[in-house]
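After this come two complexes, each holding subunit A, first together with subunit B and then together with subunit C.
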Partner chain A sequence: MTATEPREGRVRDPIDLDAAEEARLRTAAGMIPAPIASPGGEYFGFDTVSIPDRPPQTERERELYTLGEGEMLVNMGPQHPSTHGVMRLVLKVRSEVVTDLDVVLGYLHRGIEKLSENATYTTVLTYVDPMDYMSAMHNEHAPALAFEKLYGIEAPPRAQYIRALVVELNRVFSHGLMMGFLALDIGALTPILYGFINRDEVVEMLAAISGQRMLFNFFRVGGVNWDVNDEFLSRLGAWHAKELRNVKDNEALLTGNEIFRARTRKMGVISRQQAINLGVTGPNLRASGVPFDVRSAHPYPPYHELEFTPIVQEHGDVYDRYLQRIAEIKQSMHLIEQIMDKMPHGPVQAQVPGIIRPKPGRAYAAIESPRGLYSVYAISDGGPTPYRFRMRDPSFVSLQVMPVLMPGHLIADTMAIMASLDPIMGGVDK
Partner chain B sequence: MDVELLLGIGRFVLATTLILLLTVPTAFIVIQLELKVIAGMNLRIGPNRVGPSGMFQSTIHGFKVLAKEDQIPDKADRATFTIAPWMVFMAAAMSMLVIPFAPGAIAADFNIGIVYFFAIIGLSVVGLLVAGWASYNKYSLLGGLRSAAQMVSYEIPLTLSVVGAVVLAGTLNFTELIHWQRDHGWLFIWQFVGWGIFYIASLAEINRTPFDMVEADSEIVAGPFTEYSGMRFGFFFFAEYVSLFIMSAIMTSLFFGGWLAPWPFPAELSGFLGTLYGIFWFFLKTYLFVFAAIWMRATLPRVRVDQLMGMAWKVLLPLALVNLFVTAIAVVWLNL
Partner chain C sequence: MRLLTERVAETASTLWTDEDTVEIRISAERVVEVLRTLRDDEDLDFWMLADAAAVDYGPTEHFEVVYHLYSDRHPAWLRVRAKVDRADPRIPTITPLWEGAMFHEREMYDMMGIVFEGNPDLRRIYMSPDYRSFPQRRDFLLPDDAADSPAAGINPLERPETWDLTRFAALGPLNPLAAAGALPEADAVVADPAGEQPEPSTVEAGVTDADKSRPR
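Here is the complex of A and B:
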């Protein structure tokens, strides 16, 4: 195959194709044989087929953009107050009831995986920070583990404990913010600010250990950058003493609130089987009653030395996903106590050369991020950079629940359900 | 023309001008309160740069919207788009005419003041609906339809909840209603259920949290106001906060004795001093309710459209009817 020929499954520019050739190529690409004329139609004077400005290309597109009686399309995002960054939803609504929905992604795509293939193993860890920007520590954790497997070393025990410590701290503020975003999307103003106050305390603490407030760049292949220091420990002590009270404050605003319960219970129910089939992981899966947590199912050090059982909820609705986050904050606090008790002495960095050249091979490492199973698959060809580098982002997978869950809910619930899935667009679009 | 009519017209023009002028500082004060109170409840500092401890922040906001560019979308219906903010603002401003601030300090002391008030405040829904339709925006349209559904539904329990009080006091005039309360005790004691219904329905009527469906920012951006900018948006914004003040003021007058102090009015205070004394108590009580509404905004999430409508028709309306029925029977049998 020469460079100018299209690869199989791709459609060339249809302008200079005859009809039969075009139909053949389109079918091969999974599209409908011929473009369909726009259905047209007016609804309250609005041009309802303004999105998109081309005829539908697939059966699914035709289904979505063909309007029934009394239906209209509402384009939500990427500029919208509550689309968590730059997600775009195309809602098909009948009055305010959502009958169909499409999630349009890619507005925050930065090509991080491809960039990583041109970076040395050490610098890859700086590229992955801004992917899921709410849990930068987890982003670094997975590739660090994968590269260590690839290179055949292991981080010293103290480094593993420090990793677990910062990762659990990151989980606490990430879950705290999720509660705030959920509340904000339901219309409560205050919890998000409590979440940010809490986050600020934690990121100051992590800045004391790593030097950065958001994109920490703390993990290294074979260890971590710094040992814990006095400022970190004093901040940790002060924060740990009052964190549970902060959670209680937030809970007082939401958990027992009648309006909040009416808005979230029996909303967006993901059944146990549905969650497994759709590949949902993390708190969203556990809220549906499946006790799967990478930390206990496939423990990576030091979790096999810690006392840990996954928490589950029963119903799998928005309220349960919220309760799951609260329970996991408390669980993380408990894990932090255990880590501080058991932390061994020793070095925090294994002996690793400046530029790592692993032997050709493949490695896969998975961790439990606040949004679920976060994993890295890396292939080495013996050079200083990864030959291939792929990340599985859990919020990307969570989002595919949306079109399944949403039909039948109101526009207002769309936001609540989306916030309860806790997608971070930086991770979804990579 | 006789002199009396001319005097009447002159008095009306003067009163209307004063009321229109009063809306501006009222809106500024309520907005400033909201900025500062919510900041405190969020554990923030809030505005603290403009003037001593940020006192003039809302004034600066006002000048800001004045200075901003006024944009009209290409496909908008220009005539209705232009007139909508005016309708909403005038509905709020005109309803201020009948608010009894103090003995003698009432712009227009009608004998049907209560009917006038509910008629005028209901007009703002027309403005919101027009704004939603004229903007040529789907979010605006949804917001406009929501406002129509919500305000029309809540107007019924809102009005019915007051009828109990009216039946009890036997008057539709605000001044006489307050005099009745001076003699018999404040109406919220007599009409506790009525007051509860009025409170909930009034929050829905002026689109305050937890019933701020019309401009639910996380769902429909800003509802009917999405396409508005500059002073046209400013008018909506003003109207919203003036309405909050007005609803609190009306609740004070209807159920909490208006300008009356919690103890008997001192006899030696008459004339100007008495008016000042009345104004003090009136504003104290009114701003307590304004504070409560702001407090709720910092605390409560927003209810959903169907829950909101369900509450109006399934809970508040039957309750208001029962309340009216019981009150009427009591008035007839007990000769109250």
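Here is the complex of A and C:
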């Protein structure tokens, strides 16, 4: 059987058809009759399929998908090992240099905002867990703060300290994994294994306090679900005694490594002004030299009682973003020690009814997640469900720098630059 | 607070909501002007766009686009609320001020159908490009409750019997419907000279009795 014959028992593929038949099929399907011809010549038959299969909707899209001399489109994803979830990048390349890039999202869109409008305030906290699955504790933190503000209560001091403790633990393993993924995308396998050993130790610890390994469902409106217990404390002590051995092993493997430095330094530089303009937040913003951290800029309890100064880097390249993560892991360890020292006694849950009906009003609460400013805007109409529940995910906004950064870099560097931004698609697509 | 009232005085009512948020309301036409003042004025210096979101107040009411800003000089978040007409939802884009508003505006367009005039890349961002509805509006119903509501089935995408399966046939062997045998052969569909709809029996293969009894 030759390649042009339709396969047995299958619907015929448009690629197999002759031009007239293809035009008819495409017209029947509401597409433009012929694919956009590539002036750049034949690329192994790829110019018979155009991306996207429809007329461009905006000027920017027309510009993106119009090929110049010697240019071609390379599709990366949605199921690509380096895209950190399910996302698609359409790269416009000339030989091996990227000239333009389109970020295509929505493969993981679950409509969490819409679902939350039909869920009670307590159940919303379970919906947001799988959003940014690397930092589920942070995902629950901002809605809990927003709903408490709506309802006019505050969590007891001990609950606030336990919250800070678990989110800092979460930040440590999230940043540790980012180091591993960055190395993996560049081509080094070992760091991700150390990253996962560290993550497993922390996750087992969090499972001891919350009951679940990944999607913790630990926060409640007005407090947290459980007080700290013996297993959690003994695991925390054992883990703390190792003094971040796995992270330090990674650091020893990567920071001075000549290949790693060659692949990351002066790569994907985000200037201070660009970062502000594009809405980049979190470690990526601080790596560009802007000392903005919600924990210090607009502190939420108990961070106003902790000693804390944001760390910044100078250059804003991939290497600086990596260094920033290491510095923040150590900073988080410092915060964890302070929290354990200062943790007060008392209840961990305020008195709230089973179904909460806040007075009509609106509340905005923002926290610092491992990926940046994560905020929730909630509106109540007096009913048992939020009238509007809006989440601002930091990696969603940070992805906008990709089309700005990529032109001029090689295809292989897409991975490094993307991994340095540390986007999590569960959060991007909501 | 006093400064804020002075600099953007002629806009509208200014009010405290709670101890860490200040709220002002403006009209949709003046969004760019007001936000530019807030960002560039040296005493105000709201350099960071923390969030931009749209709120739907129901079919008989209006939309609202809500911006949250941050400034190092002020202890509070600033919330700017702009009212948008629901029948003709248009508001100027703020991408010239903050390029990072692009994804926010694309999301608002995708989810609510608000058109940002002057935005150079207003495409859908989550839903597929041929999607025809705006899922986060209040009158868009989830499939679970669509059967019980008076508006059930208004959206063609909620009515499988109206789906034009020739569109799916063109996707070729990757189409899961074709693999499951739920589709007629593509040749049969395309060769039909009048371009008629496929046989109802095949179209309704996936429609349950519950779907048929849904009021339309």
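Please note the rule applied: the second predicted complex is superposed on the first by the 382 of 430 C-alpha atoms of A that agree within 3 Å, B and C clash if a C-alpha of one lies under 4 Å from a C-alpha of the other, contacts with A are read in each partner's own complex, and residues count from 1 in each chain.
Definition applied: a residue touches a chain if its C-beta (ideal position, glycine included) is under 8 Å from a C-beta of that chain, and two chains touch if they have at least 3 such contacts.
Keep in mind the model is a prediction, meaning the values are calculated, not measured.
Look at A:161: by the touch rule set out above, it reaches neither subunit B nor subunit C. When the two complexes are overlaid on their common chain A, residue A:253 makes contact with subunit B while staying clear of subunit C.
In the superposed pair of complexes, A:118 makes contact with subunit C only, with no contact to subunit B. By the touch criterion defined above, A:219 lies against neither subunit B nor subunit C after alignment on the C-alpha atoms of chain A. Touched residues of subunit A were counted for both subunit B and subunit C, and C has more of them.
In the superposition on chain A, contact of A:276 is made with subunit C only, not with subunit B. Those residues of subunit A lying in contact with subunit C across their complex are 7, 10-14, 21, 24-26, 28-31, 52, 54, 57-61, 105-106, 109, 111, 113-115, 118, 149, 276-280, 292, 297-298, 361-364, 366, 373, 375, 377, 379, 388, 390, 392, 396-397, 399-400, 404, 429-430.
Against subunit B, in their complex, subunit A makes its touches with residues 44-46, 72, 74-75, 80-82, 96, 183-190, 193-194, 197, 253-254, 257, 259-260, 262-263, 410-415. Of all residues in subunit C, only 17-18, 20-21, 47-51, 53, 55-56, 66, 68, 70, 72, 75, 77, 79, 98-104, 111, 120-130, 135-136, 140, 142, 166-167, 169-170, 172-173, 175, 178, 183, 185-187, 189-190, 195 touch subunit A in the complex they form.
Across the complex, subunit B meets subunit A through its residues 38, 41-44, 136, 138-139, 141-142, 146, 209-210, 212, 216-221, 297-307.
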